[in-house]
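Two complexes come next, and they have one chain in common, chain A, joined by chain B in the first and chain C in the second.
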Partner chain A sequence: MTVNELALACGFEAVYLPDGEREVGGAYAGDLLSWVMGRASADDVFITIMTNINVVAVASLADVACVVFAEDVTVPQDVLDAAGRKEINLLKSHVPMFETCVAVGRCLK
Partner chain B sequence: MSEALHFHFNVDGENFTSAGEASVQVKKKLRQLGMPPETIRCVSIAMYEGEINMVIHAGGGNADVYVNEDEIVIVLEDHGPGIPNVELAMQEGYSTAPETIRSLGFGAGMGLPNMKRYTDDMKIDTVIGTGTTITMKVYVK
Partner chain C sequence: MKEYYYDLHIHSCLSPCGDNDMTPNNIAGMAALAGLELAALTDHNSTKNCPAFFSACERLGVIPVAGMELTTAEDIHLVCLFESLEGALAFDEAVTARRILIPNRTDIFGDQLILDAQDCIVGAEAHLLPNATELSLEEAVGVVRSFGGAVYPAHVDREANGIIAVLGTMPEYPAFSAAEFHDGDKIAAYREQYPIPPQTLVCSDAHYLTDIPDAAHRLALAGDTPAQVRKSLIRLLRGD
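== the complex of A and B ==
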């Protein structure tokens, strides 16, 4: 499944999608970034409600397929700018964290 | 490539938003050199954790990366307070980070354990009141 297909299937909004055709491998949800770096795998969907610039750095360094911001959070401009520089796929979910995870889980199985 | 390639970075202890830039640069360079993706990922994560630690806990420092054919060596040196109990600091969940840092997504006490997990060798030299030097090696597989 690609990031584009995931967005469509789960009803996620595309915030920034420089590489929508990237394949998704699995998923990891969390807000504490060292947990994410320790546990997420490359090509994962990274689900979080954290919207600061460090999220983009972690997404890039951990090499995840995309970030999904849950809870309809507003994505600040500096995060968008950083995602642009690093070519990170950003999606947004209009439902809370748990429901977002359930939706992704259904798609991936 | 018989001679090691050397990259040097000054890690600014004041600027939190640019923290991680050295790791991002290294990731780019390793990509250009055609290193295996998994090797790049290990180096990027380990270095980022170390870089953030220097910013949060030590007021910045220096990062040096040496790229050899068979291994990548990362040396992070700071003149911060030092680590009083390394064994404790290495435990998952141990953190002295203040609440303001937690609100940025750091302070889970997982950084040093991650650095160990993602590298093939890690050495911590620390002197209270003088600073800390962490040397990490990742073998190119």
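== the complex of A and C ==
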């Protein structure tokens, strides 16, 4: 499944999608970036409500397929700018973290 | 320049997690007994016990600093210190406008008591204080600096609400001139792994009287009066 297909299937909004055709391999959810750094894997869907700019740094470091911001959290401009520089796919979910994870989990089955 | 023994992170009975024995006079008395010469009151998201703390410290010959431990929207704890009591109280109003109001359950979280200079209870904060505010890290730093204060991450060596645990590293932006450690023995190891600011402080984050440690850490500061020493402290921590 690609990031584009995931967004369509889960009803996620595209915030920034430089590489929507990237394949999704798994998923990791969390907000404490020190934990995410060591645990998220390449090609994961990284689900979070953290919107600090370091989310982009961690997404890039872990080489995740995309970031999904849960619960309609506002994505600040500096995060958008950083995602542009690092070519990180950003999506937004209109439902809370748990429901977002359930939706992603169903797609990855 | 003179060296001052300091503890710049102490909670009073206004913080729900702070013991009710942490009255302004008890803290000032314990600080004096411990040999501290410079002490900051830093309750969660409030400075409302600072006026009483100033009176108590001044009676006991400890130089008081008015401060706050601010919780950012990311759940990062920042220590915010001010040159003057008035500056801290004005900052308090700005933070109050950005708090997320959840009624305090005293049975779960504890009391949030406001005391006067004689340790008499004159009020209680009705809404829980330590929870995240709406201020993002960057915004919070901007607001503190707009009030002339010094701001730096608290207990960077702790998992709970430490900036490194939350963000994965010490961020480049906003740039900090100082960082607080709970355990001074960890500073060297952290420096090897993260871009720790040049000025480090070791503070107790005391919530109980027995948490206030004997004087051990010093800062060299200029000035003859308490106001001048505070000015010198804030300049040092702002990296001016």
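Worth pointing out:
By our rule, the second predicted complex is superposed on the first by the 109 of 109 C-alpha atoms of A that agree within 3 Å, B and C clash if a C-alpha of one lies under 4 Å from a C-alpha of the other, contacts with A are read in each partner's own complex, and residues count from 1 in each chain.
Going forward, contacts are C-beta pairs under 8 Å (C-beta built on N, C-alpha and C of every residue); 3 or more make two chains touch, one makes a residue touch a chain.
Here the structure is a predicted model, which means the values were calculated and not measured.
Once the two complexes are overlaid through chain A, chain B and chain C clash, as defined at the top of the document. Once the two structures are superposed, chain B and chain C can be ranked by residues of chain A touched, with B on top. In the superposition on chain A, A:Leu108 contacts neither chain B nor chain C.
Looking at the shared chain after the overlay, A:Lys86 reaches chain B, while chain C stays out of its contact range. When the shared chain is aligned, no partner comes close enough to touch A:Met1: not chain B, not chain C.
In the superposition on chain A, A:Val95 makes contact with neither chain B nor chain C.
By the document's definition of touching, of the two partners only chain B reaches A:Asp63; chain C does not. Touch criterion not met for A:Ala14: it reaches neither chain B nor chain C. In the superposed model, A:Val75 makes contact with neither chain B nor chain C.
Residues 31-34, 37, 50, 52-54, 57-58, 78 of chain A touch chain B in one complex and chain C in the other.
Interface residues of chain A, counted against chain B in their complex, comprise 31-35, 37-38, 42, 50, 52-55, 57-58, 60-63, 78, 86. Of all residues in chain A, only 31-34, 36-37, 50-54, 57-58, 76, 78 touch chain C in the complex they form.
Every residue of chain B that touches chain A in the complex is listed here, in rising order: 17, 19-20, 23-24, 27, 37-38, 40-41, 44-45, 48-49, 102, 104-111, 113-114, 117. On the side of chain C, the complex with chain A involves touching residues 74, 136-138, 164-169, 171, 173.
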